[in-house]
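Presented below are the structures under discussion, each in the form of structure tokens.
There are two complexes below, and they share chain A, which is joined by chain B in the first and by chain C in the second.
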Partner chain A sequence: MFKRNARQDLIFFLVFSAFVLSMPVLLAPIGAGYPDLLQKFAIYGLFAIGFNILFGLTGYLSFGHAAFLGVGSYAAVWMFKLLTMNVIPAIVFAVIISGLFALAIGYVSLKRSGIYFSILTLAFAEMSYKLAYSVLTPLTNGETGLQVKLRASGPVTDLINQDVRVLDAAMGIEENGIPAPSLFGLEITGWQAFYLCAVMLIAGFYIAMRINRSSFGMMLRAIKSNQNRLNYTGVYPRPYLLAAFTISGMYAGLAGALLAVTDPLAGAERMQWTASGEVVLMTILGGAGTLLGPFLGAAVIKYFENIFSAINENSLHAVLSFLPDPVENALVSVLSMFVGEGWHLTLGLLFMLIVIFLPGGLIEGFNRLIGLFTRSRKQTTGENREEA
Partner chain B sequence: MAAILQITDVNKSFGGLRALWDVNLTVEEGTVHAIIGPNGAGKSTLLNCLVGRLKPDTGSVTFEGRPIIGLPPHRINQLGIARVFQTPEIFEDLTLLDNVLIPAMAKEDGAFRLNAWQRVTRRRALIEEAEHILEDVGLADQRHRIAAALSRGDKRRLELAMCLIQKPKLLLLDEPTAGMSRADTNNTIELLKKIGEKGITKIIIEHDMHVVFSLAHRISVLARGTFIADGTPDEIKGDPKVQEAYLGGAHL
Partner chain C sequence: MDAILLQVLNGLDKGGAYALIALGLTLAFGTLGIVNFAHGALFMLGAFCAVALNKLLTLEKVTLDPTQKTPWGAPLEIRTPYVEAWLGDFGKFLVDWSVPISILVVVPVMLLIGIAMERGLIRHFYKRPHADQILVTFGLAIVLQEIVKHFFGANPIPVPAPAIFAGSADVGALFGLPPNTIVYPWWRLIYFLFALVVIGIVFAFLQLTTFGMVVRAGMRDRETVGLLGINIERRFTIVFGIAAIVAGLAGAMYTPVLPPNYHIGMDFLVLSFVVVVVGGMGSLGGAVLAGFLLGILQSFASMNEVKAIIPGIDQIIIYLVAVVILLTRPRGLMGRKGVMED
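This part shows the complex of A and B:
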């Protein structure tokens, strides 16, 4: 449906953009029409779209991408503390720093492939996580997390607890209390925050689409398909892989920066392996290697996380109160394993079902549905694989 | 005629097994040089030493006067050596057109080029060339299919197209007609003759003597890791040593 034709791509892109921008209206009926949740769709969508450039195209499975998310958050908060509450320097700096970080980690990890590559990335991310709690506390503020503080009035002795914001100070911007992130005077909270994230998502999606359709993207797919053949075809796969790794790290950094923009606090738990695993789930759930899949997977997971983690035993009792007491109690004790804190159990089951029945993810599911409807009109020969 | 490839005293062992034993071979530019020999003689191993898959234990290989042992495979390809493998090595999940475009891009862009913005569809000249080559090997009508769906014989032809689009100076063919029907084999012979006119030097490994005698200017016979005979097709046909080693005494 969305083959590499430039015009069709443009239409696809415009439809996607229109959908993202009108999510507040379109998703209100399913109870997702508020900024806190929608901006999560956008942020984790970006994270997954970037991750997909590495995993979906080259097949290299990184288990450490949350490290770049975390680095992006720290970098952004530092910009808030040192320079200005304007989000632009924070975002730019976060993307650059996480890109450099990814370049270094990728350079080493890509000396291996397959499971060894995955384990190397996991090891680096866990190291970063542990370091953030120990020797790097002057940069990360350890378990408390890095926060935006009041601007120091006198001499600065402690940059963690006293912000300087030299740019804001130089421009004579007044501060009453702890300021919110802003964009040239416009406060980035509530709906503004969502729209900032949405614009970033749209830009990120566009770049990913162009990469997908480019010669570079084709080489990445060739790496996944048959790296051996590629070698004997005169291509050196390593720099291609490193470029893909770095780009996906920059996407993660951007997502991390947006997390910091929407909530100016950076903690090390963002780098934990569970966070790295989550982006893998999102990408596979939606459809690895497809354009839309990663965003879809991210949105679905964040949506259900929001619903299931809000349910607790009391709400279950309320819903099931019509049942006889012993039945009600038994049912509640079973169901409560799947909700609230136990939401990950539901996620695990969902993931297993997808991998077993729809290995191509939700996008494959949609394509099959479309196939069912169009088969009667047009003989499907398997010639054109859907790529959207 | 000048030698394009010079193999000197190459040895290669796998553990205790001596797969290549003081191998010497000169391939003249513009010729088709066949290497024949019984199974396990070391033919594929020799090609592996030429393309950088294996490193010989001792000896030297020069291509156009330049030593190539120790170079990584992509560098050797960029010098102008392309190879069709004994079991087809293609990009199974991509379309035939993409399969042929990738080597074309590798030839144009070199071993690495960060070309992340230009659409593949904008590379009209390459696409046209790729469609031409697919036509030459008789796969043009299937160009939008996924390569995994091809028959074994078609995969070989696709792999041949992938090599041809690079216009290599030296083409290594490891049993290019194995698993093909008689008709497909004859088509491939015709195809190889046609590209022979373009002056690509070829080394061809083949068990099918019909193919060998249709194409080769020169034949070398490898047995148990060493060359036992070397000559024109007529000389080889009459060589008793060859019949002894290769055919167990039967007549060619």
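This part shows the complex of A and C:
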């Protein structure tokens, strides 16, 4: 790791940025060249990169990260409603709020480790989810979800259904109908939204890379490999853990804010623990502890979710029509279990296979493939894993 | 007084379900050291065994009766389940009692599933970290519930309890209260008793048989038992099968209380893990105690009087209790020393 020099990192980072920015062109041939899907790649990529700072580096498995995503979404929509449709305050506010939220939850949860930590985070996330539906409806609007509404003309009595947008009003911005989020006058929809997310992703990736290469990142990895030994050397690991937890919560908040920017509607279902499970899936699938892995996992899952759930029995029949009828029908009835509505089955199977056979995720798979072709004895597999 | 008693009763059936699932989880954890996130899926599979049996028994033959007409003028369709047509009154009895009868199906099916799961998958994860175990069983849970969703659809499927138990019991009368102060559905009382019986059987099995003695010894010190020439692995496999049966039975009997859908297991799993942690990882008694305790606490928290003081408490009470317990008593209520201390 110390052999790696700054120039290699810079090249790696530049290649990554170039790839992300040119995704609309590069991924068009595989049917992913449209903003709705690509911005999901970027948003969930950010979410997973942040989650990886906690799970990948320290080994602490949180099952409650979706709560921070949800809090970020709510915070961003509230900024849209109260202050301005400009995305900058929304994003900043969402990151701060979810960071504070993560700080509080992390402070309590990190008193325990192992499975107890997982259960504690799960408990906190479920509490937030349940509260968002019940007591906190004045803040979250319950099952309907929090939405951007028309600006109130008269006195405001009901903040959920009447927006104020103080800043916009002060600056004299006219609104016709419900406005879209904007960046200093530029409307953030379609491709603009993707590029906003892409820039955020690149920034997030850069920060994650810096953390990874820093002594702080080293400390986090030390916690993962042997916390006892760290204690014996006189290091108190909890502040480092709390910092990692808060940072990953802020990433989740940023992802939540971007979700709210691309679609100004926040609902509590984003906070459910299955959503937390999804980000775990993404990170593991790509490769926990690697830099590129989480983004890769998020992109792969979102891509296949999109492709697989679009396939139905008719399209299967169309593809397999060259086969004899009985074979075709049998094959279709089997395959239809795995596509469309049944896409989660494919996901579950894929995930199991990865955990069983490829604990290092897709990145490890690539490295093994590369290792097959370029057999240089000097490079150990451990070194290879660092490459990513 | 009667209000308190009613809430205690209300908590019993749910507490029974928590206790049964948590018992199975603890068995699997205490013996194999495995954190099984697919245990909720086993509960769900048990419930769907009951659903499948009920569907099978109520497969209907449709005959058209030309002498009678529906209000729309078409011949009246007469639907009779095949079992009823073949077996007469006994068939009717079978259909009516399909949920209790499903126990006979659940036990062998779940035993097989449990053993297959342990041999096929979980065995390879003993030496892997707990995070890997959680992840792979989480994946398995997704797979199982999607398979069930494929065959049974996404909507909850109601399964009736036997007609005898359809009404409510006047429990208040037993305690000398005026009639109709505490009425409580029969089936939920039955479920509570059933849970007690199953728990009793499991404990008796572990405490009174040689097999159980060996298993308990293995839970304490696996290596020494192995050194004594006992094949502890095989016994633990069977214990995992038993844990699966307990979860399956809990699910099958719960169908009349709550119509199962494919993610019922996940809903119960999260709570059951909380129950296990509150009871203390690896403590069977703790799991049962915490199960009933949390079930009853939950029903108290959903009283209107309580909700008026602390709004929303009914939704989060279990998690709140878990957080408090985990932070104040790290081993849970009855946790043993040295189990999952990290």
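Basically, the second predicted complex is superposed on the first by the 354 of 388 C-alpha atoms of A that agree within 3 Å, B and C clash if a C-alpha of one lies under 4 Å from a C-alpha of the other, contacts with A are read in each partner's own complex, and residues count from 1 in each chain.
As a working rule, a contact is a pair of C-beta atoms (placed from the backbone, for glycine too) under 8 Å apart; a residue touches a chain by one contact, two chains touch by 3 or more.
Remember, predicted model here, so these are calculated numbers, not experimental data.
Undergrad: Can A:Leu131 be said to touch chain B (first), chain C (second), both, or neither?
TA: second
Undergrad: Which partner chains sit in contact with A:Ser214 here, chain B, chain C, both or neither? Use first/second/both/neither.
TA: So A:Ser214 only meets chain B here.
Undergrad: Of the partners chain B and chain C, which touch A:Gly234 in the superposed model: first, second, both, neither?
TA: Once the two structures are laid over each other on A, A:Gly234 reaches chain B alone.
Undergrad: Once the structures are superposed on A, label A:Ser225 by its partner contacts, choosing first (chain B), second (chain C), both or neither.
TA: The answer is first: A:Ser225 touches chain B but not chain C.
Undergrad: When the two structures are overlaid on chain A, which partner does A:Met171 contact: first (chain B), second (chain C), both, or neither?
TA: neither
Undergrad: Determine, under the contact definition given at the top, whether A:Leu10 touches first (chain B), second (chain C), both, or neither.
TA: neither
Undergrad: Please indicate which partner A:Phe351 is in contact with in the superposed arrangement: first for chain B, second for chain C, both, or neither.
TA: In the superposed model, A:Phe351 contacts chain C only, not chain B.
Undergrad: Report for A:Ile119: first if it touches chain B alone, second if chain C alone, otherwise both or neither.
TA: Only chain C is touched by A:Ile119; chain B is not.
Undergrad: In the complex of these two chains, what residues of chain B are touching chain A?
TA: Residue list for chain B touching chain A: 51, 53, 72-74, 77-78, 82-83, 85, 89-94, 98, 101-103, 105-107, 109-121, 123, 144-146, 149, 162, 166.
Undergrad: Contact residues on chain A for chain C in the complex?
TA: Within the complex, chain A touches chain C at residues 59, 61, 108, 111-116, 118-120, 122-124, 126-127, 130-131, 133-136, 273-274, 277, 280, 284, 337, 341-342, 344-345, 347-349, 351-352, 355-356, 359.
Undergrad: So in the complex, the part of chain C that touches chain A is made up of which residues?
TA: Going by the criterion above, the answer is residues 35, 121, 124, 128-132, 134-136, 138-143, 146-147, 149-150, 266, 270, 273-274, 277, 281, 311-312, 315-316, 319-320, 322-323, 326-327, 330, 340, 342.
Undergrad: Can you name the residues of chain A that touch chain B in the complex?
TA: 4-6, 210-211, 213-219, 221-222, 224-226, 228-236, 239-240, 243, 247, 382-385
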